[in-house]
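This report refers to the structure that appears directly beneath it.
For clarity, chains are labelled A, B and C in written order, and residue numbers in each chain start from 1.
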Amino acid sequence: MACPPPSQISALELLGFGECGWGISLVWGLGNSIVIALGAYSLGFLIGIGGAFGKLYGGPILKDLLAAYTTLVRAVPELVLILILFYAFTGALNEILLSWGYDRIEISPIVTGIVVLGLVQGAYQTEVIRGGILAVPVGQLEAARAMGMPSLTMARRITLPQMAANALPGLANLWLNATKDTALLAVIGFSELTRATSSASASTKAFFVFYPAAMALYLIISLTSTLLIGRIEKWARRGQRDVRT
Amino acid sequence: MKKIALSLAATLAFATAAFAEPVKIGIDPAAYPPFTELNADGTWKGWEIDMVIEVCKRAELECEFVATAWDGIIPALTSGQIDVIMSSMSITEERMKVIDFSDKYYNTPTLMMVAKGSGLTPDPAAMSGKIIGVIVSTTQEAYSLAHFPDSEVKSYQTPDETYQDLAAGRVDAVVSDSLVGNVWLATETGLACCESAGNVPNDSAILGKGAGFGIRQGDPLKDKLNAAIASIRADGTYATITAKYFTFDIYGE
Amino acid sequence: MQAFLKPHRIVLFLIALALVVWCATTMNWTWLANPKYQAMAVEGLWRTIWLTVVTMVIGFLLAIPIGFAQAAGPAWLAWPARAFCTVIRGTPLLLQIWLLYYGLGSLFPGNPWIRDSVLWPYLRESWPYALVALSLSVAGYEGEVMRGAFKGVAHGQLEAAKAMGMPRFTMFRRIWLPQAVQSVLPTLGGETVLQLKSTPLVSTITIMEIYDVAGRVRRDTFIIYEPLILLAVVYMILTALIVLMFRWFERRLPTRTA
């Protein structure tokens, strides 16, 4: 490890994968961020679908509990929720296991991160998907019901496709939030992209190499996502009249 | 991911596999040279790392390293995310109320660093109205709050942040561990901006009895760790490891 | 009220109440009586509110020209404005805050011209960086909303004004701006809540707002959950206040819905 002082290393070498470069560290961080964002978003989507249908068609108790969940999560900063869930989730789980005479179990930090951000995502996605379902014209559902269409077919042919088109912009926004929220895990010492960037720049003092590089990486994620989502939205809206002039 | 790779590497390195459950060693990922530091490639290095690898070997424990932010390292221990804290944590009365400690494995004085030519000394009167940078919830923070009542104490999450702000002139002094501080003062940035103002007067009630492994209260790991530390100390391995990093014994009296 | 108080709700309320009582009696709240923490909490709360309000105002004022430049400005203004919004919206706020404070902040002291200037005592502090970072964030998000709002102003009105020979600035002031601002007002409440929820991030650059105070209590007393639970409640109350305030505000505004 005979690296020269950082001030004598070129920017490219600092970002590279050589012995004195921080490239591997940054790429690991990026990988962590993407894995957590994907995991949390998927978990959030499952919660969101369940939550939206529960809020619309569930029993009164379920409706109220879901309302409490979405209101609570959306009113408290993500950082605070992450801290509470981060310690409470593993702590409570282990306490229960211990009291039942089992051993402590190991939960990897990545899984914790995914569960925590997934619960946050779930609350927002519930609202977006619920809005998407509500925007499906009631007349169509009534017509389908009048024709004797089974409810599963109705969901598959009418509710879900139209809901998808309506909810897509909101869901797209939430995906971008998910990628950016992974940065919050840096505060609890998680080595995702933001933490990797700050460690690298603190060690080398090359702030204006690492921070712009990390920003570029985040931008690449968000711009490619936007592009892809635009494609998907076009596909989802096929057959809809363009309301824009 | 990185941690999975790390723990894998750590597991392979020890390869004792005498116990099924690996012991999770929580380390603050913020660079704390020469004790703990992350390499650019994500592996760990430093005196404490060498030390704990040896301790695990002797105690026949399968150990893995888990990066845990200093800020929440005690809650992480008590809530079971990690089993041992190894981050140069000083053994203090306050902390003993919530966790147990092994015997100390090193003990060094506390240093004050200031900007070159500032003429500041670790004297409450001289520091009156000045800004002192420390790391949150450290013995140095507690010391600064108690002994420099007329100074503003600014608390940072990581050591690097305190150095950056000392170099940037946003704080007038930084109170830190003397070994860690001296290592930084010898770096390029440290040499350019700052100098030592000398060690602060000792106050063992606050500064503690040296650094030890933190464990959950009543955890039988304590005896194993103590035995390992004693044997490392007795057979000269301690001196061999220390010689790689320091020119003197850091065990303290 | 009758529709609200259904039997199952009463049961749920009782369960919630039991939970609160359980929290209050079995958990450790003794630290609340410590006057040191009380003073810190008041100060922290004030900082949180101050940061939220001031950065919202500055950010919104910045968002107007940024949105307008994108909607109607010449290309050399529109492109930088768009790039600004993309960068702000596409990267984590935490990264922006750290770049400003540690990155930009590290350049200043090397420069004797800045170090000797009257601004230095402020540049030494951390709150100006927090203020700038949080304001720019609002400017980026709201700038995008303002762009849509300016575009949404009916073209016929602008053409009519032009035909009447109205000067361009008067046109902006009398037609464009009021309508655009009115159309984004409903989004401001939500944006303020988001901004409130972003303020804890500045605790990472040594600003002692309410989140940091809770952290300090946790570190001093080694109590894990209680300060966090109370903190969550405080944020919920603040959010509720913001929502109520904007609702009241909106009701006072003359609105015309199509």
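The rule we apply is simple: a residue touches a chain if its C-beta (ideal position, glycine included) is under 8 Å from a C-beta of that chain, and two chains touch if they have at least 3 such contacts.
Model, not experiment: these values are computed from the prediction.
Steps from chain B to chain C, taking the shortest chain of touch contacts, total 1. The chain with its Cα centre farthest from the Cα centre of chain C is B. If you average the Cα atoms of chain A and of chain B, the two centres end up 35 Å apart. Mean C-alpha position of chain A lies 21 Å from that of chain C. Taken residue by residue, chain A touches two or more other chains at 83, 87-88, 91, 187, 202, 205, whereas all remaining positions touch fewer. Along chain B, residues 71, 75, 78-79, 157, 161, 164 each make contact with two or more other chains.
Annotation for chain C: residues 102, 106, 204, 224 touch two or more other chains. Listing the residues of chain C that touch chain B in their complex gives 102, 105-106, 108-109, 115, 124-126, 204, 206, 215-216, 218-220, 222, 224. Of all the residues in chain A, the ones that touch chain C in their complex are 60-61, 64-65, 72, 74-81, 83-84, 87-88, 91, 176, 180-184, 186-187, 194, 197-198, 201-202, 205, 207-208, 211, 214-215, 218-219, 221-223. Note for the complex: chain C touches chain A at residues 6, 8-9, 12, 86-87, 89-95, 98-99, 102-103, 106, 193, 196-201, 204, 211, 224-225, 228-229, 231-232, 235-236, 239-240. Residue ranges of chain B in contact with chain C, taken from their complex: 71, 74-75, 78-79, 94-95, 97-98, 136-137, 154-157, 161, 164, 167-170. Across the interface of their complex, chain B is touched by residues 1, 5-7, 19-22, 24-25, 28-29, 31-32, 35, 83, 86-88, 90-91, 94, 103-104, 106-110, 112, 187-191, 195, 199-200, 202-203, 205 of chain A.
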